[in-house]
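Several structures are given next for inspection.
Shared between the two complexes below is chain A, which pairs with chain B and chain C, respectively.
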Partner chain A sequence: MTRQAAIVGGNRIPFARSNSKYARASNQDMLTATLDGLVARFGLQDQAVGEVVAGAVLKHSRDFNLTRESVLGSRLSAATPAYDVQQACGTGLEAAVLVANKIALGQVESGIAGGVDTTSDAPLAVNEDLRHALIALNNAKTLPQRLKALSGLRPGQLVPDVPRNVEPRTGLSMGEHAAITAKEWGITREAQDELTVASHQHLAAAYDRGFFDDLVTPYLGLTRDQNLRPDSSLEKLATLEPVFGKGEGATMTAANSTPLTDGASAVLLSSDEWAAERGLPVLAHLVDAQTAAVDYVHGGEGLLMAPAYAMPVMLARNGLTLQDFDLYEIHEAFASTVLSTMKAWEDPAFCAEKLGLDAPLGPIDRSKLNVHGSSLAAGHPFAATGGRIVASLAKALHEMGPGKRGLISICAAGGQGVVAILES
Partner chain B sequence: MSDWYRDFANSGVGTTITKQFGLPRPAVLRRYAPGDPLLPGPAVIGSAGEGRLREELTSLLTEAGVTVLSPAADTEKLSAVLLDATGLTTPADLASAHDFLAPAVKRLRPNGRVLVLGDPPSETTSPAQSAARQALDGLVRSIGKELRAGATANLVYVPFGAEASIASPVRFFLSGRSAYVDGQVVTVSPADLPAGEDVDRPLAGKVAVVTGAARGIGAAIARTIARDGAHVVAVDVPAAGQALAGVANEIGGTALQLDITAPDAAARLVEHLRERHGGVDVVVHNAGITRDKLLVNMDTARWNSVIAVNLQAQLDLTQALLDADGVLRDGFRFVCVSSTSGIAGNRGQTNYAASKAGIIGMVRAFAPGFASRGGAINAVAPGFIVTEMTAKMPFGTREVGSRINSMQQGGLPVDVAETIAWLSQPGSGGVNGQTVRVCGQSMLGA
Partner chain C sequence: MGTPVVLSSAPSMAKLFAQAAVTARGRGGSLPDTHLARVAVEVDPGQVADYAQVCRFPLADTLPPTFPHVLTFPLQVALMADRAFPLALPGLVHVRNRVDVVRPVGVGERLDLEVWADAFAPHRSGATVDLVASVRSRGDEVWRGRSTYLARGATAPGAPADVPELTIGDVSEAAVWRVPDDAGRRYAKVSGDVNPIHLSGLTAKAFGFKRAIAHGMWVKARALAALSGRLPEAFSVDVAFRKPLFLPSTVALSTGAREGGWDLAVRAQAAGTDHVLGRVRPL
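Here is the complex of A and B:
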């Protein structure tokens, strides 16, 4: 038995800038509130869904069972199973794919996919030197041994290990990696700023027309994404100094890169029958998905270029071209990432040499790209972005009528990428 | 938000002091809880004039488990005094009303009920007859002002042919659901009413929309209607979404974030009700805002926003639901929240009072069309209701505002909600085009 999973709807809390409105909220608080908003929207109080799958990228060790604990704190039935996943920024979309696959196989009739991240309440760990010293102290059996172990303690060891937004294997931040790719592909500052302004304007317009009324539930006094600047303009963005890349030719600023953000999202998926029995809508179906990974350490490929590799595999499997879509959602980790990816798909050399294609995938109609804004405007709480995109795209396709196709592309740390097709 | 003065007046030392000094002694009101009997004690039923409702009233009370005593026979304290005053022909007939009521009201228990039923004054061409019928109005309202200890007096006008419509209002006015409804006059009309009703879950299986449901009176309405068995679609502006989701999850309803003044609000509401619930039975227009200023200082924005939310949105949504094919289900009920400010006027609230008075006119005009389709629409006008909003009033203003009524206390959001839940019942179809105040018989706009 296989069938396509239906996307019934979604919910998220507005995304907040780091150390601001949600500074005192934990991942569990935000995920629970997001689940409760979804429950209220679809009348799921005390109901058990087949499975809740969610994750966080920055996660405290106490949150080992984050999703299940959030379910227990929510208005869902306590008989709802849950598990955590983590694939960096691909977490939310990967969670949706996992739920959709179980629905497709008939293993569950319904499920919720989600993700949450807080950069305000990031897990601080004991300093590695201190940990070693304490282990030595613990293993010491005699007084002299203990004294010797204690003598190894230094004030500097009290400084905790703070998680950093860097690739462990290169020591470069994601922004620095993206800057290298931007330079390789010759992505201009102007093109990045244009994409950024469009993101803000699209998101603001979508809020104004009530598009997010059934996608977002306010949280802790925040009613819209805190990063959103409806009055954003090319002139204003042009005044910003670059923050990633070095010296002459640096193009990436704080505006055309996503800021650190806190937030959570959730998507309700089910079989068509499950939705129909409850009078719930089917916005779209999750048709297919594909992941890919690149060797950004030694292979000479950009850290965030993996979606470029995943895409042709998925398109070929479905007999589709890159132009066969009504809407495109390319996650705006950085404006340059979106532009580099699209440029790669248009590039005959890249498509032939790297992707092994006879012809390039070709261009994307920019008027169909990120039409309700994306991460540059909304912000990007790592694991929450996939759920935001899936729910928004499903609703947008539903509004356009039946048979409309949407494409999702999300890059992730570690040189990974997830792409997916939705169809209304 | 407890009523400190009421609690004091009902304490041991407070009782002594308030009696000694002749201070107001607000009662702890009898409020309805599921499973409560209609009345905690016996009732008497008297007649003035011909009286055509006495048998009906007696069987109604007996079926509800109330012991109906003979007026003369007993000295037992009474929970309710009912007077069937239908059939009055001249003012002289009123003497028999007095003869019955005076000794009976004297025997009334705390939180007792006086309910008078008469013929509508408008339904006769005889000046004497009309005078006698209208006289009941002054009589009942005055009894309401004389009663103490949480007792109320209300009047139901019953035209010929509408006798079957009295059951629902009689039950309401006698029950704890009407705790803060006093000195009110309701005229019933003939209606097709369902036989038999689950008294404790009269809205079982119904779908109800409540606007402005995130907090305050709206949240209380949502809770009360859900308690009575309905699935509540709780509506509020998107910005109130977190509280709205909390209410929906508490009562097992659903949250619909919607700005009712948006151009496509009506279309979205209709579509939502059709797709998710296959229609709607009850619509409660509760959403409202205040933008207070003296008229001379009020800018156009304040004026327009209040009219848009409080009045125009109710008109537009109601019309859209009436026009939508197959969305309103048989026996649909609309209840619109007005205000005593719309009846009495209020300094600094020209915009608000205009909008709330407008609702009364709107309801009256919609009513015949509703009746012809088996529906009903009514307005409820709250008086001084204790909410987060009144908690922010200055102490003196709040204390005076809450005491100048026959109950000597402010009402609670649940009092408004109970009245709305009553008007939402399938059995309340004989109440249509009416405005019922929930004001404890406030001296304002009386």
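Here is the complex of A and C:
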């Protein structure tokens, strides 16, 4: 038995800038609040859903069972199973795919997919040398052994290990990686700033027309995404100094790169029957999804280019072309990432040599791209982005009427990518 | 009912405890008709976050159900520290507390607080008095609190209060809490309740306790926090504080679903003595 999973709706809290409104909120606080908002919206109080799947990218070791703990603190029935996933920035979309697949197979009738991240309440770890010394101390059984372990302690070891947005194998930050790709593809500063301004304007317009009224629940004093600047303009953005890349050709600024953000999102998925029994809407179906990975360490491919590889595989399987969609959601990790990916799909050499295609995938109609804003404006709490996009796109497709198709593309750390098709 | 005396800010509790201690002798008479009030009180989100952390509530857009007690408590203490109050504050024991959450209260709501004393009555071991708190938002009462204090050996006019003992049905053990030595100091910091009996062994001994004891309202709050997501929208939570919970201790929370709410008990894990018994019921 296979069937397509329905997207019933979503909920998220406004995304906050790092160390600001949500500085005191833990991942569990935010995920619980987001689940409770979804429960309230769809009348799920004290009910069990088939499964809740969510995750966080930056996680304390105490959060090993983050999703289940959040479910236990929420208004969902305690008889709701849950598990954690983590695929860097792909976490939220991957969670939705996992829930949708179980629904498609008939293993569950309903499920919630979500994600949360805080860069404020970050999991500082003890210095690696101190950790080894403390483990030795803990294992010591005799006084001389304890003294020996203690003798390994040094004041410098008190400096904690702060999580950094860095690829472990290359030592480069994600922004530095993206800057290399931007340079390779000749992505201009102007093009990046234009995409950035569009993101802010689209998001502001969507808020103004009430698009997010049934997608966002205020939290801790925020009613809109804190990073949103409706008055963003090309002139203002042009004054910023580049922060990633070096020298003359550097194009990436703090504005055309996503800032560190805190937030959470959740999406309710189900079978059509489950939704119908409860009088709940079906906004869209999750039709298909595909992941891909690239060798950004030794293989010469850009860290965030994996979605470019996933896309033709998924399109071919569904007999679709890149132009067969009414809306496109390409996650704006960096403006340059969106532009590099689209340029790659238009490039005959890349499509032939790297993707093994007879012809390029071709261009995307820019008027259909990220029409309700994306991560540059909303911010990007890593694992929460997928849920934001799935719920917003499903609602947008539903508004356009039946049979409309939407495409999602999300790049992730570790050289990975997730793409998916929704249809109303 | 007297006209409320409106205070412009929360009184300093350290000062009040000191004032109450030096004016403890020679108290007596009947209850004053004083109502103390504060209007349009804005809640500090930082204090809510601190309180939520110490009591283990999730950080949400609504106040933890016991948080308004922290807002009204300084007014209670001011009322009791005043010379007109018939009982001496040092030595008063919190024996019962009922909170009514009429509806969840948003962190951003401006709250009007009013506190008065009520039900001064003889008790088999002395006299009891209730400190009543009412919290309003835009004119509507959203929260009520009633704290019963026992003054051992004191006398009160009239007949003993006809308040039935709080009893609970079957409960089963839900969680074990290792309550650390500094639990009193941590709660004092976030609640402002700096009663010395909670702060350290030394200060507790001065008031006749062998060790520092946990704040009853912290135990109550933590029990409610353990039921997060499992509480009715509007509810009452009535608890009786039995034997003091000496710090540090290992205790067990037991719960049982009953009448749309919960019965609960916090008991010493080793001896099985009752520290707190409680009933949560929908309003």
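Throughout what follows, the second predicted complex is superposed on the first by the 411 of 424 C-alpha atoms of A that agree within 3 Å, B and C clash if a C-alpha of one lies under 4 Å from a C-alpha of the other, contacts with A are read in each partner's own complex, and residues count from 1 in each chain.
Keep in mind that, in the parts below, contacts are C-beta pairs under 8 Å (C-beta built on N, C-alpha and C of every residue); 3 or more make two chains touch, one makes a residue touch a chain.
No experiment lies behind these values; they were computed from the predicted model shown.
With the C-alpha superposition on chain A as described, chain C and chain B clash in the combined arrangement. For chain A, the partner that touches more of its residues is B, with chain B and chain C as the two candidates. Looking at the shared chain after the overlay, A:Gly171 reaches neither chain B nor chain C. Of the two partner chains, neither chain B nor chain C is touched by A:Gly156. Once the two complexes are laid over each other on the shared chain, residue contacts for A:Pro144 go to neither chain B nor chain C. In the superposition on chain A, A:Pro218 contacts both chain B and chain C.
When the two complexes are overlaid on their common chain A, residue A:Gly247 makes contact with neither chain B nor chain C. When the shared chain is aligned, chain B comes close enough to touch A:Pro281, but chain C does not.
In the superposition on chain A, A:Asp29 makes contact with chain C only, while chain B stays out of contact range.
Contacts of A:Gly73 after superposition: chain C is touched, whereas chain B is not reached. Only one of the stretches 27-35, 189-197, 369-377 or 387-395 in chain B has C-alpha atoms clashing with chain C after the fit on chain A, and that stretch is 387-395.
Overlap of the chain B and chain C interfaces on chain A: residues 33, 36, 75, 218-220. Note for the complex: chain B touches chain A at residues 231, 238-242, 244-246, 248-249, 252-259, 262, 264, 268, 275-278. On chain C, the positions that touch chain A within their shared complex are 45-46, 49, 53, 58-61, 107-108, 228-230.
Residues of chain A touching chain C in their complex: 24-26, 28-29, 32-33, 36, 72-76, 78, 218-221.
Put simply, chain A touches chain B in their complex at residues 33, 36-37, 39-43, 45-46, 75, 210, 212-214, 216-220, 223, 279-281.
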